Amino acid sequence: MSLGRWSVPVVGRTAHGPGVVELEVEAPALAASIRPGQFVMLFPETPGAPYLGRPMSYFRRSEETMSVLFRVVGAGTRHLAALVRGDRLSALGPLGQPFPDPEPGEVCLVGGGVGVPPLYDWARTLREQGHGVTVLLGARSADQLLGEAAFSPIAAQLLVATDDGSRGHHGPVTSLLPASTATVYACGPSAMLKAVQEWARGRAAPAYLTLEARMACGFGACLGCTVAAANPDPAKGDYGRYVRVCTDGPTFAAGAVLL
Amino acid sequence: MSQLATRVGGLQLKNPVLVASGTFGYGREFAPLFDLSRLGGIMVKGVSLEPWSGNPGVRLAETDSGLLNAIGLQNPGLRHFLDEDWPWLRQFGTPVVVNMVGHSVEEYVAVAQAVSDAGVAAIELNVSCPNIEDGLVFGTDQTALAGLVASVRRVTALPLIVKLSPNTTGPLPYARAAVEAGADALSLINTVLGMAIDSVSRRPVLGNVTGGLSGPAIRPIALRYVWEVASTLAVDVIGMGGIASAQDGLTFLEAGAAAVAVGSALFRDPWAAVRLVDELPAELAGFGYPSVQAAIGAARGERRRGGGSA
Amino acid sequence: MSQLATRVGGLQLKNPVLVASGTFGYGREFAPLFDLSRLGGIMVKGVSLEPWSGNPGVRLAETDSGLLNAIGLQNPGLRHFLDEDWPWLRQFGTPVVVNMVGHSVEEYVAVAQAVSDAGVAAIELNVSCPNIEDGLVFGTDQTALAGLVASVRRVTALPLIVKLSPNTTGPLPYARAAVEAGADALSLINTVLGMAIDSVSRRPVLGNVTGGLSGPAIRPIALRYVWEVASTLAVDVIGMGGIASAQDGLTFLEAGAAAVAVGSALFRDPWAAVRLVDELPAELAGFGYPSVQAAIGAARGERRRGGGSA
Amino acid sequence: MSLGRWSVPVVGRTAHGPGVVELEVEAPALAASIRPGQFVMLFPETPGAPYLGRPMSYFRRSEETMSVLFRVVGAGTRHLAALVRGDRLSALGPLGQPFPDPEPGEVCLVGGGVGVPPLYDWARTLREQGHGVTVLLGARSADQLLGEAAFSPIAAQLLVATDDGSRGHHGPVTSLLPASTATVYACGPSAMLKAVQEWARGRAAPAYLTLEARMACGFGACLGCTVAAANPDPAKGDYGRYVRVCTDGPTFAAGAVLL
């Protein structure tokens, strides 16, 4: 389905640890059309809400609803977090490219911090398609870890790492990356993505990185969300050196972007 | 003329609603959403002689009722525009205004010449670029501005629109200089220089430190520029700056603009410009204007152009 | 220096929070609401040699995140200020900065002389007034500005603050002219020219047609002015423009202001400035600044003044 | 009580004809301290609400609540009218001078359009104080007429006029002004106030006019709400030719201002 903009009601709100909120909205058209890897721009309809929307990957969806899972970091997420059941927000979506299909065989998903939620529905889909899915989850500490319960019934293997060692492996989640031919999808803070990019260099199997950037539009019009392309292709509209995270991404082949 | 028709600097438009340069790309992102021929006109992202890669680092910052951008005029250059975008874009039949940017008079002239030959509807000079020779921004130096406009005038017969910078004491000296040098119309306004500091890193948000402010925050500034020019000089004006609704659009017409452009509002709602087109007839009627022409300049208590028909 | 103390152009303040001229009258409306001595300083409404009656007609218009005013600098004049307001205001012990306006260099000089004799804390020149001789606004003409500042400098030993207009290409030439002519500090920024059209009458709202834009809408513009001056010239800056909270205030300090002023925010909430004073220590601590001095200019990645103590 | 600023909940909302709404808020401190003739600045706490507050006279009050009655004319009143029970708004008040006391004896209140609500609690108070109260109500047409039911139990005499004759006297409400020595209080559109001012010229008994003006602050700080004074008194802070509607008024002796 093509892009739409809707005012939708909040039908659920759950805290997932300190400063992390899952917000569920009733949005059947969006839920039916959005694909793993895509995102929405959200506009809380509350007083003093910011001028621009906030990009959010979706976390889970049902027939009628879709949810986002996010950490409160500034004004926009504060407004989103303050919404309660019955409040409305506007959503523009679906936006961005879905995750590219993996090679046949094993898949490894690597999520750090609030990079975890976008991977959940992808794990579910891959599993349905018969892929074996390894999931690596990272966080600063145990109380910041997201998604362990959600992923455990899906993942063939689920490994956890924390920076402070308070849960799972003590160290960066990227130190758990397997020496396999799995197709890798990584989403998380930029230090983590850089480590995956480094690790994937020269590797035969594909690795994909899902990036974040500040966005004004989310659909390719403003050129505000760019990242430097390793090999820009002007014929494909890669204007100069930069590609757009919103429409060319947010997921890129690990070798395609300069982080 | 029909109810919505208007004319700016010799350019005939079926309705007075354009989309502002840099907020609509070359139309590709919007074509799946609505029929581009519903727009009065399309002002494409600034085109330079060679591709420009734009600014590194963060390019956007949000402010109260506004948006700072430091895109740095990223664009794929003249060749790409002529080979890829223009042939595709012309299919819609909507007048295409080519916004152009350059580092020197020669660059502007080369682009102007090439797009004139290609048959676009009009040229819009973005004069908020620094001249690489002396570092001065064309649009904030009357002599440089007049020289640039005159040079471009010599190589094109197209309607020539000059887009003024609001980072000046006021529009009049620059507007006069542009008109005397051959501009057919003026676009008012480009973005207002500003900056923001990040609430977490406590450093300037933008990679370029400063950026251009757009959106509703600058609407009163834009309205002042439109009003001052339209009530002083005999030149057509395209008004822009925070326009999001038919009500906003009508206000700029009443202040004296012959047409308006929707910019940043498209980022919040990609349908904002076509909604404005759809809602304008009711908005006009609500205040007793038989036509767009009747509304132009009406806030001055005079009707600049003939009533409902012309 | 204590945690909140600061110094601007030789003026010692116990905290960096002032109230902006024209938004606080002469303090009488606020005195019943809180103890005026809690403020770092009070910049009173512009004082002219003779009483000015201000503009007729509508004086206010609202815009997105902002406010247009065309008060026309109504004030009861020097005599009334010295006889009625100053004796009352000085009881609070808060440094009083006298903002002054004039139609000619002579008028400014006369007011400066008189208030210097009276013992106020500092003088702030509002240079956004037109010179009656040639109609030029002092603040947008470098020569006129330098002449005015030099003339006032000659008659006062008080800290001399010049408040620049943002209706220029940028602050630097004017800031340099003011400093070279003897200014001790700069206030940045005054209001931005704008206008509004009434949604019902379809005519300009303001009796004066144009007015000065203030409030959050202009915050990014103000921040750019503060940043450019503070990172280029060795002069103290008082930042103002849309400041409403401790977060806003800290941002201006980090951009390089040595003090800040709360203006239009007082109209929405008369306690806004004292709330800023109360909340500033936590805001500083939240970002690891031991003192106001440590925050000044920190967004440039350097600490302009010594750390926590000085 | 001195000025305060509160966030208060809406506890009632009633339509009084087309585009006219009564909004009741729970605000005990305000309700206890506000006096007839005073007003509040209201800030709806809804998305996109205007930057400045909107001045509103109060209509009625109880121990716990206070209400305003207003016509929707623009963005601010549209936001106020959209509030429903449970929504919050911020209120700054009480503001302005109360109505000055009348001479002993008869009082005549003249209200036009949305100038009617401020007079209601004053009528009640005057009646309690033993004054005979004549009330003259004007409106464009019968369906725009406000307050008839509220005033009828209080007024010794209640006369109505409409511009189109659809109810009561056909013509301006000012044509009903009595040839008595009653103290007159008038509140309404500026044409009405001008007519009262003209009528009161040379009259011995006092007449008072309650004015409106665009306001930024409502408490005297901005000088934005001025009206030209007939006899400015610099010693009293009448800066130059103009006085402030918010703090010097909103009610002025008919001869004190130039309309």
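Labels A, B, C and D are assigned to the chains in the order they are written; within every chain, residues are numbered from 1.
Going forward, contacts are C-beta pairs under 8 Å (C-beta built on N, C-alpha and C of every residue); 3 or more make two chains touch, one makes a residue touch a chain.
Worth saying up front: this structure is predicted, and the values here are computed from it rather than measured.
Here the chain-to-chain distance from subunit B to subunit D, counted in touching steps, is 2.
The minimum number of touch steps separating subunit A from subunit C is 2.
Inter-chain spacing, taken between the CA centroids of subunit C and subunit D, is 36 Å.
Centre-to-centre separation of subunit B and subunit C, using mean CA positions: 34 Å. Centre-to-centre separation of subunit A and subunit D, using mean CA positions: 56 Å.
Residues of subunit C in contact with two or more other chains: 61, 63-66, 199, 215-216.
Among the residues of subunit A, none is found touching two or more other chains. In terms of which chains touch, the assembly is arranged as a closed ring, every chain touching its two neighbours and no others.
In summary, the structure contains touching chain pairs A-B, A-D, B-C, C-D.
Against subunit A, in their complex, subunit B makes its touches with residues 22-25, 28-30, 32-33, 45, 51-54, 56, 58-67, 69, 71, 74-76, 80, 84, 199-200, 215-216, 264, 266-271. Every residue of subunit A that touches subunit B in the complex is listed here, in rising order: 2-3, 5, 43, 50-53, 73-75, 92, 214-217, 219-226, 228, 234-235, 237, 239-242, 247.
On the subunit B side of its complex with subunit C, the touching residues are 61, 63-66, 68, 137, 140, 167-170, 192-197, 199, 202-204, 209-210, 213, 215-221, 223-224, 227, 242, 247, 251, 254-255, 287, 298-299, 301.
By the touch rule above, subunit A contacts subunit D in their complex via residues 44-49.
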